[in-house]
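Shared chain: chain A. Partners: chain B in the first complex, chain C in the second.
Moving on, here comes the complex of A and B:
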């Protein structure tokens, strides 16, 4: 069922109304709730970027964690070592993520796909983690590195309530640009590669370059999220970008819905709130996220977004005309 | 020095061979790459630990029990979690494997937490001295068990009907079905074999390295590196690739920098896929429409 013209208008209104209403959120939260809300904003960006590769492009990838780490470390190093204002480090962290995305996927230009590509991205992720630990002079090694307090336009960003506004603006920008990108010729090529790469190539679309581009965009979004994360926790260390983060991002994308932008938000929200109390038991988080993904694969393969779509055609995400 | 490194390289390579082979077996018959395989290996090692240390079973029966248990677990995994999503996108299989791996790892961590467990020595095999060369008992044990497993494995493949079935399913699942092979059940069986072989690798490594819940991740990478090197899907290639990997780790660690031991496998994967994507012994695949 396709949304009608009036439903499409309603959808546009909703897209802008949700962040506008969220502007009021810090008025009603204590700092713990606000901290979690900030985490949700950041992880919805992580899920958005990851989903772009595994959902929209349909390639298995493990580099997400590495790209997130690149953004976070990139931002922390720029702020700490080079004294750049944090706000300027966001796009640069995004570029670092995009460069990481390029490196992780460049093998696609050599005709490498699916499992091979996945294994390369896995190796890339592990190499990055090795670098964080062993590049002690730049990254602080296992001790990690702190991010000093920041302010923009004279407003201090030490408080979670204040950070939220910046995070929200960045998130809206990235969500809007990703949606626009998906609707563009490039975005549709990305999804065409998922459906059938050979057929896509036969239309004259350079599929290998499309794959690399998708990884780079994913890296940009996730890298920006990394910069937000660096300020959010005001500390970066290798463990934040380890194996646990990997299953968390897989679970967010799957629970939300593969290839669904709304799903990325839903997945991030659901899985940031739920496991908060598991954190103190070692192993529980891994068990929980593992079981969640298994359950979703068996029972709800298209994620929470598919339930929304059943509810109303407003939530149907389709980037082409019939 | 060189000979000494060669011996330890071969003994490391032997374990990688078992892991790469178990990944390849499953990949060949089901076209699924088990991204959770490292955790299957870990689970096998922990099972034998529980049997030997906590229940006091002797090593040999404990190892056999653990291998059988892992065989059944692999079978159940295929039957219960892989079959139901067969119609879905390929990404689903990989995610299923990864998640199962995390479940194993989570359980191991809940029970053992941050503990790093020493597995008691099995036998005290006297080291063999040849001139300056020392071959440790562990190396003798690992290399000989692996050699026996490989002979049995390739013997079964080459000489029995099971081997012909493996070949048939690999070439065409549909064709195999037409001549009366129950491909579903065959695939379950293959998963069982894969899990069991991986478990043997885990049980062999347990006494010389320490046991911890994150044991699997690095073995997964080593297995992949060996497979990639030998040509994805080639059984002999997996074994040869594993030996080359084991040796190059030791050489690079000794002659260049000891930190390289950790990342040789990653570098191998990246280099091979860039320079020779079909591996050293694999055939180039051509996309047919």
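Moving on, here comes the complex of A and C:
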């Protein structure tokens, strides 16, 4: 069932109302809960960007965590080495992520797809991590590099409550832009490539360029998220962008729902909160984490978003707008 | 009248197999030419070579005098030669309307930046295309299906949507690979009606692969017969009916 006209209006209202209500969240949280909330905002963006490539485009891509790192390091270097205000580093980190997305997917222009593209993006990701470790003079190597305290318009961004507002604004902008894309000819072409690339080309759509663009947009979103992450932890080091984190963000997309924007939020929220509860089982955390992810995927192969869609057509995504 | 599509000496070799030998044909605006022949005659290979999915080893494909052979499939489609697929080329997870809108991709205006920022001109063009797409669906009595997932349609409905999607951009040349296969007699008549109207009203030149001989005899202006990768005959339905080479290819004797 597709949403009706009035449900679409309600959806638009909800899209703006939810973040507006969230503005009140810092009033009721201690700094621990606020830190978790900030992580959820950032990983929602990571999942959103990742989902664009594996869910909407339907290509296996493993460079995303590296692109996240590119954004984080890009931001940290711009702030630390070049003294740029952190807020300005966000779009630049996004562009760095997009450039990384281009490099990771350029092989698609030569007809490389799926498993082959996956292994290339994986190699690219590991190469980036190698650079973070060995580019000691720029990145601080395994010790990582700190991000000095920041402020915007004279308001200090040292505490998690203040950071939340900036993170939320950036997230809303990126979610809105991604929805704009998905509900346009560009988004439809991205999904058409997933469904049937041969038929997509027969409609005059340059499929290889669409693939590269999808990787670049994914890289942009994840790169911006990286800049947020740099301030969030105020320290970046290579271990934050390794294989384990790649698998966790992959799981976020699957638990939330492949190709679902709202699923990206749900997946990121669920898998950010879950480890906090598992802290009471020391030594068993990873085991329980894995088992719970498997259980969710068995019960809901289309992710948590499919629950919402069953609840109301308001959550069914429509890829055009009148 | 000028020739719309001129295929000359088209040759395709797969390692060891000479799949298409020196095939030529000429298509006028508004003309329906059926391509018939036994299985393995090279009909689909001919379509693949014209639409760029298979690289011809020799020969030319000219659209209004402009050689498009050896371009990529998407540029050939952009030039105005569009095709459907034998095994169906719909996007099952997208709705009927979204499928038709992908056919209007090149007509939709607005740069990627306009789209990301949700600028007015991009939205206006999008709205216009949606109106066009709905009108086309209405023409085929499919408008009530606009928000149905394409994968949930019956086989016949899927074929019709695929054709609507392919003709949405009003291409001058259309290649239809067995559009009526698997259709009920009623749907088949409806399909032939659509094809005739596109040729008659819009002046689209249509190449049509079809196995149902009675359909071809009734609907096509000209018929090209292929066997073993070659063109063995070409003419009006009446001429083809009398052709000895055709009888031999189909029946093994004259």
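Going forward, the second predicted complex is superposed on the first by the 296 of 322 C-alpha atoms of A that agree within 3 Å, B and C clash if a C-alpha of one lies under 4 Å from a C-alpha of the other, contacts with A are read in each partner's own complex, and residues count from 1 in each chain.
Definition applied: contacts are C-beta pairs under 8 Å (C-beta built on N, C-alpha and C of every residue); 3 or more make two chains touch, one makes a residue touch a chain.
Please read these numbers as outputs of a predicted model, since none were measured by experiment.
In the overlay built on the shared chain, the residue A:36 is in contact with neither chain B nor chain C. In the superposition on chain A, A:250 makes contact with chain B only, while chain C stays out of contact range. Of the two partner chains placed by superposition, only chain B is touched by A:286; chain C is not.
In the superposed model, A:198 lies in contact with both chain B and chain C. Put chain B and chain C next to each other and count what each touches on chain A; the higher total goes to B.
In the overlay built on the shared chain, the residue A:207 is in contact with chain C alone; chain B does not reach it. Legend: residue contacts after superposition of the two complexes on their common chain; A:157 is shown touching neither chain B nor chain C. Of the two partner chains placed by the overlay, neither chain B nor chain C lies in contact with A:84. In the superposition on chain A, the residues of chain A touched by chain B in one structure and by chain C in the other are 198.
Chain A meets chain C in the complex at residues 2, 176-177, 180-181, 184-186, 188-189, 191-192, 194-196, 198-207, 213, 318-322. Considering their complex, residues 33, 35, 81, 84-85, 88-92, 94-96, 98-103, 105-111, 113-114, 213-214, 217, 221, 224, 228, 232, 259, 262-263, 265-266, 269-270, 273-274, 277, 287, 289 of chain B touch chain A.
Chain C meets chain A in the complex at residues 51, 53, 72-75, 77-78, 82-85, 89-95, 97-98, 101-106, 108, 110, 112, 115-118, 122-123, 126-127, 129-130, 147, 165-166, 169. Per the touch definition, chain A reaches chain B in the complex via residues 54, 58, 60, 107, 110-112, 114-116, 118-120, 122-124, 126-127, 130, 134, 198, 243, 247, 250, 254, 258, 281-291, 293-294, 297-298, 301.
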